[in-house]
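Shown next, in structure tokens, is the structure this report addresses.
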């Protein structure tokens, strides 16, 4: 495999992981971590312009092009955030230096796994990459070794593995469906060849495969009945990991699901995956919206908000049609940027207030104005209020669905409204009102948070034409 | 023309970073409000300039990528742009003086120009996406302004309820535009006008919910009296007098311009809602003793009057009576203009009183006319205008609405024949109650003796506030005396919506206004004003010459009872007690319960009045408790064991496999 | 030439109204006294009262503001303008098209608005009682009046008083149910507005029962004279309104000769006297209602007005 | 000849399903581990037989991995862990044995119906294999749901993975990549579980999941 950009995107994190596992000391490893993610991001940026030909194992096309850049960018900003976050964690002793090396190494392995999953052309390699990503995050969630962290990690491991196993079974079924028309061996797993000959596959087998894939990768996306691991994993793990989990890992899993939806879309007789995804999307959006109300832990609340947004995105892709698909892709990008920005803010808030319990924190815009207003802007963005990007995707989804299926659109709007009410009910106590909890000044880097929010704000008003072109022709592909 | 307007809106937005930078310093306030004053006056001039000009459009590369953001300045948006920015200019002028007392300037200054820009952009938007972005941007900035004094608990609650209702309204509007645009997404207003929407009824009903919740039609008004008083006074003036008008613009634009030919029963829905809104609004206002809440509730009543005009116009347009529709729509739009004038004036007055005494509760005020004479005079002009007393502008729009009601027997549909007289009665009832409400507001606050030491220490407000209030009062008088000019200014907007216009008013001799040729009735504000001036001076000069001019001060007659304490005066509650007994027992289930101490016991008797807000109890309380109950029931799912979660996954798999086994 | 004649007629109307008002009040008191078998004050007593008040000094409460002293002039001006617009002896008044019946009702409402404010200004409980009850009565009387205006406007086709009177004189309207209902409603509203017996007792000064008198309790001297004159003007206005709308015979058509005008004046005086006597008769035959039974009384007027308007809306002939 | 090969493969896959049922039945940890070892051994046999039938050498490697790792190393390691944890006492299952069996029967029927209806086109061997593989997976899942003990759950998960390997080998020509990945995942999974078990053991002296459940986030 020639050393072109694609392999570089994979090699850098792998090398960095090895290196970081060896280097002791905090200052150097944190900076190396940031450097590694920066390098990967720059290489990924170069992918935007020169796009190598698709190889048997790795390929870059319109869909994963944007997501690689997004993943590496958020990875980079999260590493910047984690530098200051971990510094504080070391001070208060929640993280011992020995685990620090393990943390940085695992961070880079996670980046490697996600990049591999995105660029993998072979559906088997994609499955392995996602499995690796799951295992690394399981270890990261359990890193604090408190009771709750262990319980969350154990739950994440069991549910994640069951999900992954189902996904593997689905992949095998896809292979079985593809084998008669493509022939045995490696090329029956190559995604690009599968796409070309998708029409000739056995539709019934594809349907069963899609059911398993939907449940398998759906667990990783956090859709309603399969979501149980997500809230605990988010709230017990270190915040940079929650940001990466919520911002990127959910997207990567949904990206994998999209790959297979493209496959089914290419095969006319296969039953439309739409209704399946629409029902699961609606159930998880409505369920998560209601769960926001009684939350007492701030990170668990935003985890449920991630489930709600993943539900909305799956609903958008389930509805299909150019407008809804475009909205879904846009929503994925916007959600990962906004949610990671919110988790940056939440990380600093929990450090400053020394707790994650909402009851013990209050009046943030009084005590820490910059952090407070950053959180308010983040919540405004995630609630889907207009000047920011998420409103555009919600607007497109609702308007395009209302004309075709009024009742579905009304239920979706209801879910969004209930979610918004829950979020702002908590925001009122956290950001406004009488200040509660310590008021020590936070030694924190706000740059990544405001960078993300600025991007979301710009995207809400103006979208660069290239990005739009990619999204549009991928939307057509998605059917 | 529209490009210049957009540049000015951008200028308003540019003030925001300046405000953040200079927020703390005292000069910051003057810079921000001065700059917004200049920008808004420029926008007013542009709007007036383009009232009669042909519509100008522009498309910017922003907004939806493949669509771009469309902006259009036609007659209707020009009129509303003028109303919005006139209110904005007055508020900015007022705020230069009033803002000095602001405790948290950094929470108000940055959002104020953004709020103005948001409102102007809504009026200019010409496609669904930019309309909704600026609409919600307006709500977002006003939410931030309502949360300016978030330390007060019920301000935070008011802000929360406001944002939920605003988002619900926007959701309804998104659904409306979803219907208008159709599945393939024709989002520009021009495409919507071309395509004939087959769900016209659903579009108008959803628009009524969306715009109605922002304007404050009764079932959707609950946030308004909570949010408006919570904001600083110049902002609550803007919200009450101008933001509700932007909501009216939203409904008029959708119902008349985009929704195609109206069906006859649409107007029945609008008229019934409007009628209930007028009476409920003023009855709510009568029961309040917080000055700013009283004014906020009264905005609900005036919105009802505007929607009566609009409902009638819809009815006439549905039956093809273009001339009558023109009259009704002109009445509605004129009342939009009039209400924005005197409601801002009254809120400025309330702000001045709040600044001077630190009190909003009328029970603690009184006798301010001696300590704040200019504010009292200007507030009186405002009260007279809002109670529709002849020489001022309130009466003109009410007179036109009555003339429009008088034309409705020619409507063939039986439903309207029964509803319109009932709505006419409700309108008359609410006009009388409005006069009662503002006698109470002015009398208890400004007249009588100061009830609390804070009222005694009151002092006159600064000259900027007085300048703003004086300007608005003068405008009220001018609009009352020569209404013809303003009605002709509305003509192009009305013609674009209903296809016909009122006869040229300025042509009529002696500047009187004639609604429609066949009604042969006319009203001349100028002559009535001159008549009153002449007869007043005649009487004064006669008395001056004939009667004695001796005058002596003496204590008022107190029926021999020696205790001169201010508590013996009538308070806001006691003033409203007769009306509460007449209307309150039905509408609010008001019941008075007096406990007399046992004979010989000197403890004071207690009178408690309990009232229940029926709209809140029947609509919003069950909604909130429903969501709470559902949240509780679903909350158990968070605390299942791993095994139970696994069985969830297992069950999902089995169900899907069963579906596959049975279905295809 | 015609303009001067019209101006003269309008001027005559304004003067006539001013002069006759105290006479009407005097006549009502005289007739009531005779009905109660007592002598009663002489017919011209109200004029003497006005002159006496003019000469007395004004005793002003300490707390009264500048508004308290301006209000009598405002009230008088509004009532006088309204009275001069109601056709008495001739229908073609010059300024009749400048303000129609709705404007007249609004002028009376503004007079009441300022009077209520005056009641509150002094800061004693009596002024408060008067203003709050006056405002409660007005909140029902005014909509009833508007409903009556609707009925008449729908019959006559315009809200302009002179066109209404001209139409009713021509007799095209004939006898209609809605006109009958409107007449009863108008009588009830007139009684309520002028604070006559069943609603409020003009003669008494008993604090707890009076409404109109309570508001003007603090006035004295020339201010009280103006307010009393305005009150009697208002009574005259309502009687001439009933006369002009429901017994229009004998009114001079616009532009006719002096003879018709004289006939108009004579018939107007007859109607005025009849009105005064009927009012006195009604007042002696009925006792004053409790304050909170007044809303039912006025509610009846509002319902009658609404019913009349509904009849007009529903069918052309009713 | 084709009939015989099909019958043997069919027999081996069927026996695998039978052993999964046996696992459901076990209620003591030692017995569970022995049955699991048998389960892995039969899997290795069927993979080897598939390798012979499809004459695909790489399958032998998979059979070897399955045999060595899953049949020998893992049960022995788990044995030692149980001894160290001293928890070879009674496993109380959540659902009674009778109902577990009934549900198991239903699951097998469901997977037969789903798989056979769907794979009408494919050759009979693959169809049979897939049907059995799906039933083994579902039984594995059922075992995880009905077990209260962490070790029981892990064994259930392992038998689920065996089903996957059976499905993978059934699909002729599936490149080796999949086998390595499955093995790879077992290895990692096992190590992680081990670490966890120790840590769990170290932390609160029991492997019983109920003890773990008391520390769910945000106690009510």
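Order as written gives the chain letters A, B, C and D; numbering starts at 1 within each chain.
Quick note on the criterion: a residue touches a chain if its C-beta (ideal position, glycine included) is under 8 Å from a C-beta of that chain, and two chains touch if they have at least 3 such contacts.
The structure presented is a predicted model; accordingly, all values stated were derived computationally and were not measured.
Of the two interfaces, B-D and A-B, the higher number of touching C-beta pairs belongs to A-B.
Chain centre most remote from that of chain A: C (centre = mean of CA atoms). Between the Cα centres of chain B and chain D there is a gap of 69 Å.
Separating the CA-averaged centres of chain C and chain D is a span of 101 Å. Between the Cα centres of chain A and chain B there is a gap of 44 Å. Work out the mean CA point of chain B and of chain C, and you get 35 Å between them. In chain A, 154, 158, 162, 166, 204, 207-208, 231 are the positions where the chain touches two or more neighbouring chains simultaneously.
Within chain B, contacts with two or more other chains are made by residues 635, 638, 642, 646, 649, 653, 657, 660.
Contacts with at least two other chains are made by no residue of chain C. Across the assembly, chains come into contact as A-B, A-D, B-C, B-D. Residues of chain D that touch chain B in their complex: 94, 107, 110-111, 113-114, 117-118, 138, 141-142, 144-145, 147-148, 209-210, 212-213, 216-220. Within the complex formed with chain C, the residues of chain B that make contact are 366-367, 369-370, 373, 376, 380, 384, 387-390, 395, 399, 402-403, 405-406, 408-409, 417-418, 420-422, 424-425, 428-429, 431-433, 435-436, 439-440, 442-444, 447-449, 510, 512, 518-524, 527-528, 531-533, 535-536, 539-540, 543, 546-548, 550-559, 566, 568-570, 574-579, 581-582. Those residues of chain A whose C-beta lies close enough to touch chain D in the complex are 122, 124-125, 127-128, 131, 135, 138-139, 142, 145, 147-148, 150-154, 157-158, 161-162, 164-166, 168-169, 171-173, 175-176, 179-180, 183-186, 188-189, 202, 204-205, 207-208, 231-232, 235-236, 295-297, 300. Only residues 114-115, 117-122, 126, 130, 133-134, 137, 141, 144, 150, 153, 157, 160-161, 163-164, 167-168, 171-175, 177-178, 181-182, 184-185, 188-189, 192-193, 196, 199-200, 203-204, 212-213, 215-218 of chain D touch chain A when the two sit together in their complex.
By the touch criterion given at the top, residues 54-63, 65-67, 73-74, 76-78, 80-81, 84, 95, 97-100, 102-103, 106-107, 109-110, 112-113, 116-117, 119-129, 131-133, 135-136, 138-143, 146-147, 150, 153-154, 157-160, 163, 207, 217-218, 221-222, 225-226, 291-292, 295, 302, 305-306, 309-310, 312-314 of chain C touch chain B in their complex.
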